[in-house]
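One structure below.
Naming follows writing order (A, B, C, D, E and F), and every chain is counted from residue 1.
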């Protein structure tokens, strides 16, 4: 199983949020919260677009959890 | 031994909590506590459902400990 | 040397604490202290039983040090 | 996929910021913010030049997110 | 180069401190300072004996730096 | 590419600082700043000598960034 296996639920779930342009929230190891839509993901990072379509590239090791907004 | 070896007690124990829909509590590296039932697990993440069935995808590296509620 | 090599002193020492039901204390990356007896260990986690025999599954990456109580 | 795969969006995106001398901001695990232009990147680090062309070599594990300035 | 290569200066230096029973100080990721003599080291941990010969097993990932006392 | 590849800019740059006995500053994950000259580096650690030629062995995972002093 490579590190970026698209069969894994955690990778597939993020892929669905990208497709559905679902609003999500990331809790970071610094305690910060980051809201937006997921732009892309790869083995190291997840990229978020905020409401102004500004991109933030977040390293996976800096993410504690991801919460989809209802 | 792959990273996600279902023979490992830590993986098997989580699998049992999923099957029994056992209430658990996660202590995160930020100090936060997250309560709920485990929805699924994979090599990178554990997904929790809260009392409103809202999903939170938690990265394993962000988890310090897991405590089953009595 | 695999990651969970029972010849390593750190793995063997924990194995002895399990066998002797030795009281120990874990210092966690959040600064928390967790006291109890070690129930089991595997490549990812160490499980602790507190005084009420309640289990806490601690991820190794969340442990800073382990101290046996005299 | 090696750890430093230039086909990955996260590596390629940083490469573009280097080429375009784009101003960026790094959020670090200590909570610090570091602003400047990216000088170079490799498997372990990203080097930033501040407004005085002073270099800071940042370890990837110390970076939470990277934000391009508009 | 395996993870625990005794040719590496960092491993050899700790080996010397063990041999010479040199007093050292460990700075931990929690900010704590731990003083004592190094008892043993392996791939995952470094064990310290304090002034009462009490052992503390410290995970390498929990250590920021090691300082020999003069 | 091994973990300690002397062709990498981040490894080579530290090698140059050692050769030139360049004063540098390390920012640690605890928020501490450590100043001095780099004594040696290996796959796991970077050793610093302070103004009294006292050695501090810093684990790479404990370093956020390195800044050369002008």
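In this text, a contact is a pair of C-beta atoms (placed from the backbone, for glycine too) under 8 Å apart; a residue touches a chain by one contact, two chains touch by 3 or more.
Keep in mind the model is a prediction, meaning the values are calculated, not measured.
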item: Chain whose Cα centroid lies at the greatest distance from that of chain B; value: F
item: Whole-Å separation of chain centres (CA-atom averages), chain A against chain D; value: 19
item: Rounded Å distance, chain A centre to chain C centre (Cα mean); value: 33
item: Contacts with two or more other chains, residues of chain D listed in rising order; value: 29-30, 61
item: Contact graph of the chains (line, ring, star, complete, other); value: ring
item: Ring topology as an ordered chain list, initiated at chain A and continued via chain D; value: A, D, F, E, C, B
item: Touching residues (chain side chain E, partner chain F) in the complex; value: 1, 5, 8-11, 13, 27, 29-31, 60-61, 63-68, 70
item: Chain E to chain C touching residues, read off their complex; value: 2-4, 28-30, 32, 34, 40, 42-45, 47, 54-59, 61-62
